[in-house]
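Naming follows writing order (A, B, C and D), and every chain is counted from residue 1.
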Amino acid sequence: MAGSVFGTIFRIMTWGESHGKGIGVTIDGCPAGLSLCEEDIQQYLDRRKPGQSRFTTSRQENDQAELLSGVFEGKTTGTPIALIVRNTDQRLRDYQAIKDVYRPGHADYCYDRKYGFRDYRGGGRSSARETIGRVAAGAVAKKLLDHYGIQVDAYTKSIGDIEVNPIRLDLAKRDDNLLYMPDEKAAEKATAYLDQLIKEQDSAGGVVECLIRGVPAGLGEPVFDKLDACLAQAVMSIGAVKGFEIGDGFAAAKSRGSANNDAFIMAPDGTVKKQTNHSGGILGGISDGSDILFRAAFKPTPSISQPQHTVNRSGQNVEISIKGRHDPVVVPRAVVVVEAMAALTVADHLLMARNAGII
Amino acid sequence: MAGSVFGTIFRIMTWGESHGKGIGVTIDGCPAGLSLCEEDIQQYLDRRKPGQSRFTTSRQENDQAELLSGVFEGKTTGTPIALIVRNTDQRLRDYQAIKDVYRPGHADYCYDRKYGFRDYRGGGRSSARETIGRVAAGAVAKKLLDHYGIQVDAYTKSIGDIEVNPIRLDLAKRDDNLLYMPDEKAAEKATAYLDQLIKEQDSAGGVVECLIRGVPAGLGEPVFDKLDACLAQAVMSIGAVKGFEIGDGFAAAKSRGSANNDAFIMAPDGTVKKQTNHSGGILGGISDGSDILFRAAFKPTPSISQPQHTVNRSGQNVEISIKGRHDPVVVPRAVVVVEAMAALTVADHLLMARNAGII
Amino acid sequence: MAGSVFGTIFRIMTWGESHGKGIGVTIDGCPAGLSLCEEDIQQYLDRRKPGQSRFTTSRQENDQAELLSGVFEGKTTGTPIALIVRNTDQRLRDYQAIKDVYRPGHADYCYDRKYGFRDYRGGGRSSARETIGRVAAGAVAKKLLDHYGIQVDAYTKSIGDIEVNPIRLDLAKRDDNLLYMPDEKAAEKATAYLDQLIKEQDSAGGVVECLIRGVPAGLGEPVFDKLDACLAQAVMSIGAVKGFEIGDGFAAAKSRGSANNDAFIMAPDGTVKKQTNHSGGILGGISDGSDILFRAAFKPTPSISQPQHTVNRSGQNVEISIKGRHDPVVVPRAVVVVEAMAALTVADHLLMARNAGII
Amino acid sequence: MAGSVFGTIFRIMTWGESHGKGIGVTIDGCPAGLSLCEEDIQQYLDRRKPGQSRFTTSRQENDQAELLSGVFEGKTTGTPIALIVRNTDQRLRDYQAIKDVYRPGHADYCYDRKYGFRDYRGGGRSSARETIGRVAAGAVAKKLLDHYGIQVDAYTKSIGDIEVNPIRLDLAKRDDNLLYMPDEKAAEKATAYLDQLIKEQDSAGGVVECLIRGVPAGLGEPVFDKLDACLAQAVMSIGAVKGFEIGDGFAAAKSRGSANNDAFIMAPDGTVKKQTNHSGGILGGISDGSDILFRAAFKPTPSISQPQHTVNRSGQNVEISIKGRHDPVVVPRAVVVVEAMAALTVADHLLMARNAGII
């Protein structure tokens, strides 16, 4: 119960450190009969792997998924699906510089206080490589959601002050640039901004937006396990996320009831629709049949190469310069992680909703 | 597992509907030996009860807590603490108007789709009265935190566009006005704004901020059960919350690493401190020993008396006017609910942290 | 997480002490749409209540169930079902005799060591009255199982050495005697035996057997949550149970594979049957479609009025004579508790099994 | 939530099938600072591996544990400990014979009914190889218990009718024979019995007994998570176990209160002891400081080579002869599995007990 388990019915447990033998995840509770192969998972790992561009760390990792169990003759068997990604880039590095020093913006100090010591190699468990387990499991969740006609798509909404223009937003173009920004012009501006930051040995934050289509009304549990509350935990549990909002989010706090309420209306096909979607697809914690739309705020990459003040384990004030190349912004590689966490959450609620009534 | 359970070690289950016999909560996992009496709980219930001002519903409820178990000779025994608040205001109302109509901004439609029907009296389980269980349990959690020197204080940060001025913010003055705004001038402006909205048959949203002091470094679990992720679920699970942010939150997404990183520094007393607190007291999901500071965005009260378009259960477009007096803003009464959810989360993590190492 | 929660999807939390204000239970996860009223619960409480015969404690308790939430217009709503039974017999007793003394066979000493002190009035939480919450929740589970054609029936299999004769066993006659023994002759002998024990200020143990009919093949999860493993926990968690066995149980350990294996055979109606049922209806932890049959061994009532050696809180050897009338055997009143725990377990697995495959 | 998770704080998830790529387990919640290496785990795997004698399957498996995460510089870090054992003996076999036929005494039919199909190679997930994950995790739990002075030792109590003589029982001699029977004479008799059964193409059941020493009073939670109830689930979840009893178990059902109650007495060292241990070390679900002693009944190996009647997937009555060499009794190899499950349960309760009181 030390926080490496996520989900109730579609339940996962992840493991692994940045410089250990690998990273992995086991999924317990995936229904039997779903088509699944390694390639289904690999395509998502490829989206988060480092070394894709000059804005991602130069670490070379293949991040190759191996499917160890739970699939027989191409279909899930209902028993646990174990996935492992071996760490291949384990060359020796000099960690003496950070071994005894607490990097600002990182969890080094907190781990030492919690556990008495820490695996300091590349951040250990608090490394961004930890998200590999999430992405691999999320790929399986997405496969399950596909089966039910549910699509989860995240993208870079903004980097620093540069935001996607809603008029130009075209999801189909998301993968056309290295920043996963579905607006070419914004991507160009953001690219220039990041090049500038690299020169200045600094980093940027940004916002990821996620759109979930095809969710039927009725997913989400009343009270504590509201669908949006679970999405919030799922997304806030990604390192560097500092904020979460659904629908109009913080803007709703400045709105009025008359403007914020979404009027229901009968669609020509006889179904109930909403004229607007300020709610972001969830009312009272339960999906209302509209698109689910949420955003996550990521802080700037804490690893910057300019000198910073900090302290060391011996209780001395010291200066630190974090060497090596680091992503000047985590957002582009985090897009697929947000997508994964959203998919895991919706998959779990989809299965839970099967028990809402007697049959 | 239908969402009425919260917490892992300090675990609660709530029950009750707006117009049923009452609302209650049972706490399993409160350590033995804690002083506890009904008055400890009552003071928090009094802060959320209706009828306190012209900005809250005129419903008359005493909301008297009865402690049913788990306490012997004034101390918790380690066994479940059951609390019940009887609904006293059960006079018959005419629910025919909303029985078959889906109120915009409410969960009526979602409940019908999920369960096939719903308890339509006053919103049933989705009523704001559901939060009584949270507040009662939160009072016990606060008592536990007190024992360890941890204080949780929430307050109204803003209503509509009117925000507390950080320079004037004085927590001691929070309870001096009906809006629980720790800034008299802002409270005056917000009062005028709400009076205007009442005239216009409209409602406002707002932001609650919560400050948690005295949390030692080391609470929170890596990966999925990060302390901020759990706070996010806890707070987003309160009805009407549409956004959550910790520390600089969404503003961090526009910042730079050099500005957003908090430098560590040795305090004169030989302890590690941070020069700033952009992180909001949590790094990598684990408390860093600084104050924890988060905000929750509440949408405007969906119940407004002006006519709205919607549909009914028979699939017809209809117009609805929600009668009766409703809070023009939920924020003031939600302050204590946010405080409760934060206290429950921190209490749970405090107990979980006991297992971080061998002894 | 202090042990008062049972079940994963059909999940209950119980509370209450022998001499507190009452005993209760909340059920979270009962599907919506099930007919339910207080009488459905009361009939089961009546079967376990004291004062039914000279073999049960003379404590006068009405044990009247009050349904507090989760039901609307006679049907479950899918939200928590809270039930309370007020303790009515709270007259002052003299507990000085047992306050500081550890009764042999009771948990007094263990509670003191675990929690530092205990609610000594009538055993507090470790009292047999704790089972009221189980029986009330079990009644709801039985109602759910009824809907799916599943019947759970427990009965007294033996008291001391006196056992029901399988040839005479007639479930329909179970309630014809005070011992819930479905064999009149065995009941007569057991009655005489108990009368003798009362004279000798002693007590008896016994065995409860439980038959579950109508369970479809496929309930139970592989590995840790095998249906029989969950039944074992459920039943062993009843106070005084010292053993559990399914099908042939301990006798199977002396058997041979050729005798113990149940041959499958096609029934005339084209379904798969087993020629024998040594397995007790479960293979590999999953129901095989046959009747489920298990037994629970209850130890003799530890409260006996003859003098016993023990120690007190001050660390002195003392002698204790437990006054008042006590059941000379717990088995007859435990029958309905076993039934309840079995029903809760099967109901939970019935709902879990809905997620075995894609739809 | 499909049953592959065990434990609350010291929590494990296992995965793997008989003929898949391997078997593994991840442990979340092991406290930081515990010394751990692969050899700690390997010694337990060696005790369960096949091919040790003529009474175990001839399958050649090295069952080599690889420690993948959670340990840094020889100590646990508090983050998940992942372990994998690759299946090395994956040579092609002819499974056509059992692919479409339901082996009596096995779960083939149940899996087909539950999931629609099954991984029929060597039993898939229901294979005895599944216990590798339990044993590996149990080894870590035992290391933790060692740190607190708690020892868990299981042994073969009986095979068929041949039982260890309590007078001759010498735990130190347990590993001197292939049957893990701590009584040389009984082992000789049992060996002859098994040789006879092999000739007769038949199999035997047996009983494993487990002794847990050094458990302090106070472990175990009241009500549902009683220590003995959790042990029962843990042990009954091992394939082929049909019964569980603690202390006097089923014999207690025939005893009297005056004989079954254990008198407390002050030991010369000023501690509380019991004069007898009919309770098996647990009262009211909580450890009483005495040795914990329980037994598990194993059914005879269902795989026997003599012809048996059964049905196939097409609904025809057929005869099956299960080829290959199979263990004529599972008990000797199950001893270490029982030990592992007991260790996992006690370790989890040891950590849970840290939260019994305020500090």
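Things to note:
Here, a contact is a pair of C-beta atoms (placed from the backbone, for glycine too) under 8 Å apart; a residue touches a chain by one contact, two chains touch by 3 or more.
Everything numeric in this text was worked out from a predicted model, so none of it was measured.
Path length between subunit A and subunit C in the touching-chain graph (shortest route): 1. Between B-D and A-B, more C-beta contact pairs join the chains of A-B. Here the spacing of subunit A and subunit D, counted between their Cα centres, is 39 Å. The distance from the centre of subunit A to the centre of subunit B, each centre being the mean of the chain's C-alpha atoms, comes to 26 Å.
For the pair subunit B and subunit D, the distance between mean C-alpha positions equals 46 Å. The set of subunit A residues touching two or more other chains comprises 1-5, 8-9, 14, 29, 32-33, 78-79, 114-116, 125, 222, 352, 355-357. Taken as a graph of touching chains, this assembly is fully connected, with contact between every pair of chains. By the touch criterion given at the top, residues 1-6, 8-9, 14, 102, 104-107, 109-111, 113-116, 125-126, 130, 158, 160-161, 197, 201-207, 216-226, 228-230, 232-234, 236-237, 239, 242-250, 252-266, 270, 272, 275, 278-280, 283-289, 297-304, 306, 308-311, 315-317, 352-353, 355-357 of subunit A touch subunit B in their complex. The part of subunit B that touches subunit D in the complex is made up of residues 8-9, 29, 31-34, 78-79, 144, 147, 222, 351-352, 354-359. Across the complex, subunit C meets subunit B through its residues 1-5, 7-9, 11, 13-17, 20-22, 24, 26, 28-30, 32-33, 66-70, 72, 75, 77-82, 84, 114-119, 121, 124-125.
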